[in-house]
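Scroll down for the structure; my scribbles are underneath it.
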Amino acid sequence: MKRIGVFVCHCGINIAETVDIEAVVKDLKDYPGVAYVQDYKYMCSDPGQNMIKEKIKSEKLDGIVIAACSPTLHENTFRMTVKTVDMNPYNCEIANIREQCSWVHKDKNEATPKAKLIIKSVVEKALLDEELEPVKVPVVRKALVLGGGIAGIQAALSIANSGHEVILVERQSSIGGRMAQLSETFPTLDCSQCILTPKMVDVAQHEKIRLMTYSELEDISGFVGNFKVRIRQKTKYIDWDKCTGCGLCIEKCPKKVPSEFDQELGKRKAVYTPFPQAVPNKPVIDHENCTYFKTGKCKLCKMVCPFDAVDFDETDKFVEEEVGAIVVATGYDVYPVLNMDEYGSGKLPDVIDGLTFERILSSSGPTGGEVRRPSDGKVPKEIVFIKCVGSRDPENHFPYCSKICCMYTTKHAMLYKHRVHDGQPYIFYMDVRAGGKGYEEFYQRAQEEDNVIFLRGKVSKVYQDDDKVVVCGIDTLSGSNIEIRADMVVLAMAIRPSKGVEELAQLLKTAIDQNGFLTEAHPKLRPVESLSAGIYLAGCAQAPKDIPDTVAQASAAASMVSNLFAQEYLLHEPIITGVDEDLCSGCGLCITVCPYDARTLNREKSIVDVNEILCEACGACAAACPSGAAQQRNFTDKQLSNMIKAILI
Amino acid sequence: MTNNRAISSRKIESEALKQLEDISGVNVYACYQCGNCSSACPAVEFMDIPPHQVIRKVQLGFIDELIESETPWICAACITCTVKCPRGVDIAKVMEGLRQIVLRRDFEHINIREIDKKLREKLPQIALIGNFRKTIL
Amino acid sequence: MFEPKIVAFFCKWCTSAGADLAGTSRITYKPNITGIRVMCSSRVDPEHVLDAFKNGADGVLIGGCHPGDCHYQTGNYQTLKRMKLLKKMLTDLNINENRLRLEWISAAEGKRFAEVVDDFTEEVRNLGQIQYMRL
Amino acid sequence: MQVSYYPGCMLKTNAKNFETSALAVLDRLGVTARELEDWYCCGVCFSQASDNLMQQIAPIRTLVKTKESGNPQLLALCTMCYNTLKRSIEFIKADKDKLETIQEFMDREATRFYGDEVDVIDILSLIKQIGLDKLKEAIVKKVEDLKIASYYGCMLLRPKEIAIDSPDDPNIMEEIITASGCENVYFPFRTECCGSYQIVNEPDIVTDRAKKIVDSAVKNGADLMVMLCPLCYYNLDEVQTEIQKEDNTFQTIPVLYITQLLALLMGLDLDIHDFSLHSVDPRPVLKMKGLL
């Protein structure tokens, strides 16, 4: 039998006042397996720890129980202590006689016997504790970044700059994301593309970054430090190795379709790059709209290509890679106007969403930056902006605040006024949330200098009347209903997690919240980690946020990745549940209860295999196992059974 | 009417407010005063207090003002306000609650006999019976 | 007065932390209960519960995280599922099923922890000493 | 196909045109609407007070009768009736205790009622259920360029729990109009309240509403306005003539029950219409478009 030492702490009077220490010590001395008992005023103090160290050596103890405060406070302290005298840390156990005994009972006659029971049951555990070593896991120092918007770009650059390899996967043919679509950005009004494109070029040229656009994550297995990913490179019908991006094919392509990048206000060709500054600046053929794929005739692009890069027979390719960490930066979509029945269900051409208005304002946009309305190209003289459309509306749409609309709508009104000096912008709002550096000042400027009229209230209805769009709203501050015969209406639509996030979350085995955004590990203290180890979040995939917040979060995610990669190997809690091959019948009950897919059926041997690295040590399998083959280390059935008996003596 | 009003927890938890909550079953505190109810109300220009302010006054416990208001009687229960509310506040039920508080005190708000006889014969029954909500029940 | 003996299993992340909070808040409760800390409520094998009753426990309390809050994603749901069968089994063994209780107590619910312990202790006290029928 | 039919007070009096045309149209579509043997006034306005159970008794009694009739689908032509009956079902389904109290009070009804056994349906949904293809087949008169403004009013669209279509942008009437070969006019006031029973005490509200609704339909080029609610019908048809007396620039528009229009397009017996019940005479337009 093991020689267990028991050290009873007085914690000043915290324990000693309600627990009769002397009686406890006396009683424990006779307990089977206990070789030594000692009490001390402050066990966690230096002299206390030194005493423990000495006694371990002098009394030849091979396991100790420290009866003191909650293990959350000092378990680690004492385990480190015993390690210095070559005792395995997992042979040091804590009996909590403070929080769960002396502090919750007043009567010494009540607390003392209970303290004895608590200590005895922990002694029983200690008697059967094994020596455990943390599981060491190697780390693949390469990161995968999903999404090539500003969040993904920032994360990729930041990880790459700390010397690690990065694969940046983007499903469009160019990186840039939503930010590339924006005109000028609040609160400084610098041109979005001007500040973004240099970063896009940096990504393309960075020797540590492998850029995979027009690609999607197809499958993933593994765990933190050791993910295996399979990436689908979608068919481009253009061999990018040959293509130089000369643009001849685009020029000659006869087929025009609405441009997604321009929010369908402008046109693009069937062979296209989404926008002129695309990175990589190489085209893809849109299978849906290509004349050749529709009719079997055309092939103009193939004929004009000087490099023979067009390949109509190309198919999807798959790339398999190993990565140690993943940053999810999949961004957002705009909730479609067609969901807003009271604002014309998307049927009114001059009622558009904010992102479309960004394209109108953009100097590289379909109107060259002139504010012209979609229906007839007229310059709108009265323009109405409506905020919180679909946001903050739990009854019909989404309960959350989309966060960016207050500022970009104010910016829209301001930019409109800068372009149409005799025009009048109105903003219907419910609250103005301008809580960022320089934001409130920006809002004030719109009111004072740009004469934007802010109306506090919702708009109940928008309808077409001749060539006007009639806006029926209210200004609750004056209590008056307001009707504006406007030329154009811009809706600050709610922002949604981008399409496919739910499936991605399933693939990554991480959670999404009730609104579909990816869930962070802790809303305050772990805001960039996902619920799965090694997977980090950046940007609007986690929650609506503006560019500064996105960049900050992406940088934080990158730094988490660097932290991970800085470790020689990862240490994993060893109190995992193994399999006794002799007892296991391969029934698979444990597989169904494991939340981490750590257990798999080995059909050959008809037993269950355990991936020790995936196991998070909950022990659910051990309880499910009918044969006792699954035993959680240092929480074995025998240990628990002995602990129970110790309590019930 | 004075614009200077004292509010206190006692006033906000008044009997009338409790009665209103009982009758309507509505939690008015969900309202964030977006004004969409008033914006959409087809009869708002005939009302002395627009619907969103009715809800605000309920929140602050100014029930007595509402009992004297014509607004609940102008409301024709078209339920546009309720449908428009982003927070699920059933404004139409609050209006009914206010009508009921008055009716349960005074029994009737209009006298049917005052309606012109000729008109009474010509009007559809559903108009007349609908209007009874201003008298009993 | 009959003083029942109660064995409790607390998950490390929620209920045990809740019990610690009761302590740091100095909320007193009945001393009849002695806890065993496990990683997750789902570690509690029905056999352990029967073991406790067999060795003379008058009641068994299992504490886990609230649904949706489990540190191990689904552990507490496993516990909940097992409880149903286990209670049935207790009835078959002629043990009043109320001698076994499952409670969701979070790390923030120190006060609730104390209330649950007191309430359960009283309930078990009223049920009297266990008469375990050996099979 | 057979459904139960609840006429309510209006369909036997002011809204005779609605009943005769609706029943004839349904008959042509192969549906027999069997009037309930015993029915009660629906109460007109659904009681919105949650503690006023008395007013639920009449609609619940009618629903019990429907269950007893063996035809659990109850057609309510009048939209007021539709609204009241349908909301009563929702009311008792949401609160079983209240249902209990109501049932204890009803001594004449032996049948237990739980809310799920009976469904109340309006005629638009019924036509869609029968199928728009069937409707198309039944149309014999081809009209060209007949522009219809479909007016929904409140009772079919609000509250959301009983709405037959989107409360803000419904399309069901327009679908039926398209299937019948006419052209739709979308006008912004098609879902707005006509002022309802305020015609009794606050006629100014109704005049104001009627003017806005009619102006909007006329401005968008409608030849006819169709609807289902007998009260909207009264308020819009009757009041138009009065507005015109005050303001001779006001342009009127004939108002029909949608089933009247369908009956005409199906070439059904003209005797089912009593055009003298219309305040704004629809006959000139109907003649011009070849429907008379």
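To keep things simple, chains are lettered A, B, C and D as they appear, and every chain counts its residues starting from 1.
We take it that a residue touches a chain if its C-beta (ideal position, glycine included) is under 8 Å from a C-beta of that chain, and two chains touch if they have at least 3 such contacts.
Since this is a predicted model, take the numbers as computed values, not measurements.
Set against one another, A-B and A-D show the most C-beta pairs in contact at A-B. When every chain is reduced to the mean of its C-alpha atoms, the one closest to the centre of the whole protein set is A. Across the assembly, the mean Cα position most removed from that of chain A is the one of D. Centre to centre, using the average C-alpha position, chain A and chain D are separated by 52 Å. Mean C-alpha positions place chain A and chain B at a centre distance of 47 Å. Put simply, the C-alpha centre of chain C and that of chain D have 61 angstrom between them. The set of chain D residues that touch two or more partner chains comprises 167-168. Chain A has residues 342, 461 in contact with two or more other chains. Touching of two or more other chains is recorded for no residue of chain C.
Those residues of chain D that touch chain A in the complex are listed here as 166-169, 188, 219. Listing the residues of chain B that touch chain D in their complex gives 22-25, 42-43, 45-46, 73-74, 76-80, 82-83, 90, 92-93, 95-97, 100, 110, 115, 119, 123-131, 133-134, 137. The residues of chain A lying in touch with chain C in their complex are 70-72, 96, 98-100, 103-107, 110-111, 113-114, 117-118, 121, 531, 575, 593, 595, 616-620, 622-624, 632, 635, 637, 640-641, 643-645, 647-648.
Here chain A touches chain B in the complex through residues 342, 388, 392-397, 430, 456-461, 472-476, 479, 481-482, going by the rule given at the top. The touching residues of chain B, when paired with chain A in their complex, are 32-36, 38-40, 44-45, 50, 52-53, 84-88.
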